[in-house]
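In the two complexes below, subunit A is the common chain; its partner is subunit B in one and subunit C in the other.
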Partner chain A sequence: MVKYIIRRFLEMILTLFLIATATFFLLEAVPGDPLTQRADKLQPQSRERLYERYGLDKPVLERYLLTMEGLARGDFGESFVYAGQTVGGLIQSRLPVSARLGLQQMILGVGVGLLLGILAAMKRGTLIDYLVVGLSVLLISIPHLIFGLMLQKIFAGTLRILPTIGWPSGDELWFGGWKYTILPTLTGCFSYIAIYARLLKTSMLDVVNQDYVLTAESKGLSRGAVIRRHILRNSFIPVMTQLPMSVAMCITGSFFIESIFSIPGIGQYYVTAVNNQDLSIVMGETVLLSLLYIVVLFITDILYAVVDPRISMPGAGK
Partner chain B sequence: MQAEKFIIRGYSGEEANRITRPTISYWKDAWRRLKRNPVAMASLAVLVLMAVMVVFGPSFRGMDYVTMNFSTKNKVPDSTFWFGTDNMGRDLFSRIWVGARASILIALVATALKMVVGTVYGAVMAHFGGWVDDLMMRIIEVINSVPSLLVTILIMMVLGNNMFALLVALSITAWCNTARQTRGMIKQLRESEYVYAAEVLGAGPMRVIFKHYVPNMISILILDASTAIPGFIFSEAGLSFLGIGLKAPEISLGVLISMGQQTMDFYPYQLIFPCAVLCVIVMAFNLLGDGLRNALDPRLRQ
Partner chain C sequence: MEAGSKNTGSAGGAEKKLLSVQNLRVSYHTYAGEVQSVRGVSFDLEEGSALAIVGESGCGKSVTARSIMGLIKPPAGEIKPGSRIFYRGEDIVQYDRKKLEQYRGGECAIVFQDALAALNPTMRVGKQIMENLIAHRHMGKQEALREAVEMLRRVGIPEPEKRVRQYPHQFSGGMRQRVMIAIAFACDPKLLICDEPTTALDVTIQGQILDIIKDLQKKHRTSVILITHDLGVVANIAREIAVMYAGMIVERGSSEDIFYRPRHPYTWALIRSVPRLDDENKAELESIPGTPPDLIDPPKGCPFCTRCRYCMDICREEMPENADFGAGHTASCWLHHPLAPKVEMPDYEKEDRQ
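Entry: the complex of A and B
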């Protein structure tokens, strides 16, 4: 087990290195020069100084090595467009915002989704089942984007009961200012509801027909106990594998949701940086978001191996 | 007991061997199942209608949907402008179908790209095996360990905001899944008894490929495509909304939605119509995909 974890960990570092390298050279290929806009009106001398300050006077390979060294030290680079802004600083100010939004979405979405999934599986073939399945198809067919815009239009625009944009800050960063978070959270959570309801339902129906469920029932266990101790427990493995996908969804979802509701999180900043051609920020944030995703993949893999003994661990030996 | 004391009456040997019911091929059977599914058939009908509309819709009202005309600015829907006009006086009804045409076209081409690249890559992996397989699988793993939208956005930054860039950017991560499925399927088929039997009977590689591999793969690929198409339509709309995909003068559903958002407080219909069309298209594809899954996947049959 330890050997497996170490191997996966080393693979993770290698993957991250490859991603950073690929991102660096991709951004190198972006047409134009990130400082053109700022340096355009400057004297030649100050222009040179500016290029020197950002290290853009050095050859590509040297800059690559410098960037990599910076990443290894945890320095993700400084903005080309806004002087003094660093990715590190942004993480401190913006990550909590996105993290709160993401957590609220997931807790609400996964919670409701799993409940609906259990309900649909237990009441298979009834109206409730059809309603849940229908609802999940409906929810899956409407993108974040449209949900967000419609909620904004209805609750903030027409009814005027919730704020259109904004996000709690200061003391209320993690707790409080709920009215600002309602619409963004709702926007994000629908897709989790749809996916988890469907997933848990199919997974539970698979398990219901297993022999051990029959055994448990014939032992005289109550229905509730069979569901809790045998069916649910075993149907959670496929659900768990969706964890990385959910985090990816949360990251990409944050791009849209934060743009629609003007939430000062990392997603909105990424989009702004892309539109401003702020290459160093894009580079830093790409590596950062990939790191987040890879860590989740890593944890899922290990959890998966821990929970399901049937999965053999390559490298663990017999 | 003597055999000659018994005579066969009523039917001949030939009749007994006759197959009275028509033989049903896999595809006929799948089509029959699909036909019995009202939801899937309704989605198919909606998609056919949409296909007709994106081809003929823009010229339907005979209006100019490109040139700005400020005398008809922001008109609410009426009998002349069925979906109203946008903030530059252009007929929204025509523009929506042009936009839907672009969105659907992008989705179809990106899906085709994904399919071709994915199957070839997967087949190469399965065929060579060994270190080639390992290496190619590693590449897929690296691509898959970045949220796909990030890669798409990076590619868009490099190639700029145009149709070609969008196609490349959308399909660059999407083929991984197809490649994995193809690889798995071919490996499984190669080990199967009936392929072995065919080879023993002297079937050449071409016959094995076209008689056994392709028919087995095609249902998986159809399902893959049916989930990919709505995904691509989503991504296009999303990227264009963020200003990273296509940009106005070009028309796509994403561009129309992002234009509609700017005026949504005063002219909500400019946002609602493109959103509704997008949702209807995506939902029809999703529901048809569900129906196809039930019809094509033998494991889901009762």
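Entry: the complex of A and C
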């Protein structure tokens, strides 16, 4: 087990290194540099000083080595575009916003999705089943952008009961300011509902036809006990392994939703940074988000073994 | 036996009879049409006795077993009106959900063919036995656990205290089937249905599993219905045999009658297709040519007529009556009609003596 974790850890470092390298050179390959706009109007002398300050006067390879060295120390450097902003500070101020939005979407979406999935599976072939399936297909086919605008139009435009844009901050960063969060949460939760309703339904229908469900029924267990102990537990295996991915996705934010509702989250900033060629910010965010995904994948692997006793961890012994 | 005999005393005299299946008809609704899996099966089972239902795949024997367990699920499966399954005088077809739950597992238990598929892969073996005990014998957790260990010991699983905490995939095939038997016997059922209990096991284990079933049957005075396609398995346990073909019982009798004096051409063919080690002249193993009829559109005459070497014109037109040979031995074949041409009936007892 320890050996396995060490191996995974080394793989993780290697993956991060490759991702950082690729990001660096891809950004380098783009014409222009982050300072072009700022330096345009400056005197040649000041321009030189500016480039020197950010280290952009050095050759590519040297800058690459410097960047990597910084990464190894956990120092991502300073924003090229907004003077004084560091990646660390940025993450600190923006990640909670994205995380709250994402978690709200996920809790609501996964909860409702799972309930609908159970309902559809239990009422298979009835109107309820067709409604759930049809709705899932519809929800998953409509982009967030359309949903967001539609909800804004109805609730903020016509009915005027909810604010169009904005997000709670300060003391209300995590709790409070709920009315601002309702529309963005709704917009984002639909895709979770669609994914999880279908995932659980398919999985449950698969399990319902298994022989061990027949065995459970032949024991004379009540319908509820059969569903809870035998059907649901086994149907949840695919769900459990999908969940960590959803958590990672929800934390990293949904760019479109943040844009539509002017939410100062990490997703929105990420895209702005790419447009500005804000090298250090892009680099920092990419590495941190990759790290998040890698950790989440690791947790997924462990979860497999937890939910399904047939899967044992490599090197965990018999 | 027709559907007319409603709610009358047909269950009377049920003191000795544990189970009485009367005109059981079961259909499955599929995209291709209504498959008439069981087409009028009737038989009685006395307390403490063992009956084997023999037939090839798709003849309706498993569906019969599931009907007796109350496991036919609508909307796909349907027990046709007029079908009756009396358990101790009560018609379980009419049972509501609550009564069915008490009956299943408590009064009647089933052992399935493939124990790997029939055991929940994510639940510890002990818990799968305990569930039964807690539901029917109202035991507490500790007591149920002790009983589960005891059950595992009784079916011959070594180190039951350790095994009770393991998952099904950690057991070998034979051990898993023992667990299934432990689950089935946990609540001391009066009726045990074994649906091909040894088919998925290798031959060396088959005997052991059958011995366990036989042993427990004797100790608990359980009635057993053994469903199998393997006549070799039957001889070991059942005193009575019913031969099923295309959803019907075509011959029924004591195991001596069936093995030594079979009266239906299908039974003859079945017996000849069992491999025998003592066959001196190394005769070629016979098979039955052709396939069973399509049960979406079953033949109006004898279902075996297309594969029967004695087939007559009448066989294609009309279903034969049951001919009675005494002592409960019956067969439905036109050959036993007084006007039928005489065919030499096999007598394997005599052959054996020679």
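Assume the second predicted complex is superposed on the first by the 299 of 318 C-alpha atoms of A that agree within 3 Å, B and C clash if a C-alpha of one lies under 4 Å from a C-alpha of the other, contacts with A are read in each partner's own complex, and residues count from 1 in each chain.
The rule is short, and it goes like this: contacts are C-beta pairs under 8 Å (C-beta built on N, C-alpha and C of every residue); 3 or more make two chains touch, one makes a residue touch a chain.
Being a predicted model, the structure only gives us computed values, none of them experimental.
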When subunit B and subunit C are modelled together on subunit A, clash or fit: fit
Contacts of A:73 with subunit B and subunit C, given as first, second, both or neither: neither
Partner chain(s) touched by A:307 [first = subunit B, second = subunit C, both, neither]: second
Dominant contact partner of subunit A by residue count, subunit C or subunit B: B
Touched partner set for A:215, first subunit B, second subunit C, both or neither: second
Which superposed partner A:41 touches (first subunit B, second subunit C, both, neither): neither
Touching partner for A:143 - first (subunit B), second (subunit C), both, neither: first
Subunit A-centred angle between subunit C and subunit B, computed on Cα centres after superposition, in steps of 10 °: 70
Subunit B versus subunit C as contact partner of A:153, first or second or both or neither: first
Minimum C-alpha spacing, chains overlaid - subunit B and subunit C, in Å: 7
Interface residues of subunit A shared between complexes with subunit B and subunit C: none
Complex interface listing, subunit A residues touching subunit B: 15, 18-19, 23, 26-27, 29-31, 137-138, 140-146, 149-150, 152-153, 157, 248, 251-252, 255-256, 259-260, 270-271, 274-275, 277, 282, 286, 289-290, 293-294, 297
Touch list for subunit A against partner subunit C, complex: 125, 210-212, 214-223, 225, 229-230, 233-234, 237, 307-310
Subunit A-facing residues of subunit C, complex: 69, 71, 75, 97, 100-106, 109-110, 112, 114, 117-123, 131-132, 135-136, 167, 169, 180, 183
Subunit A-facing residues of subunit B, complex: 141-142, 145-150, 153-155, 157-158, 160, 230, 234, 237-238, 241-244, 257, 261, 264-265, 268, 271, 275, 278-279, 282-283, 286-287, 290
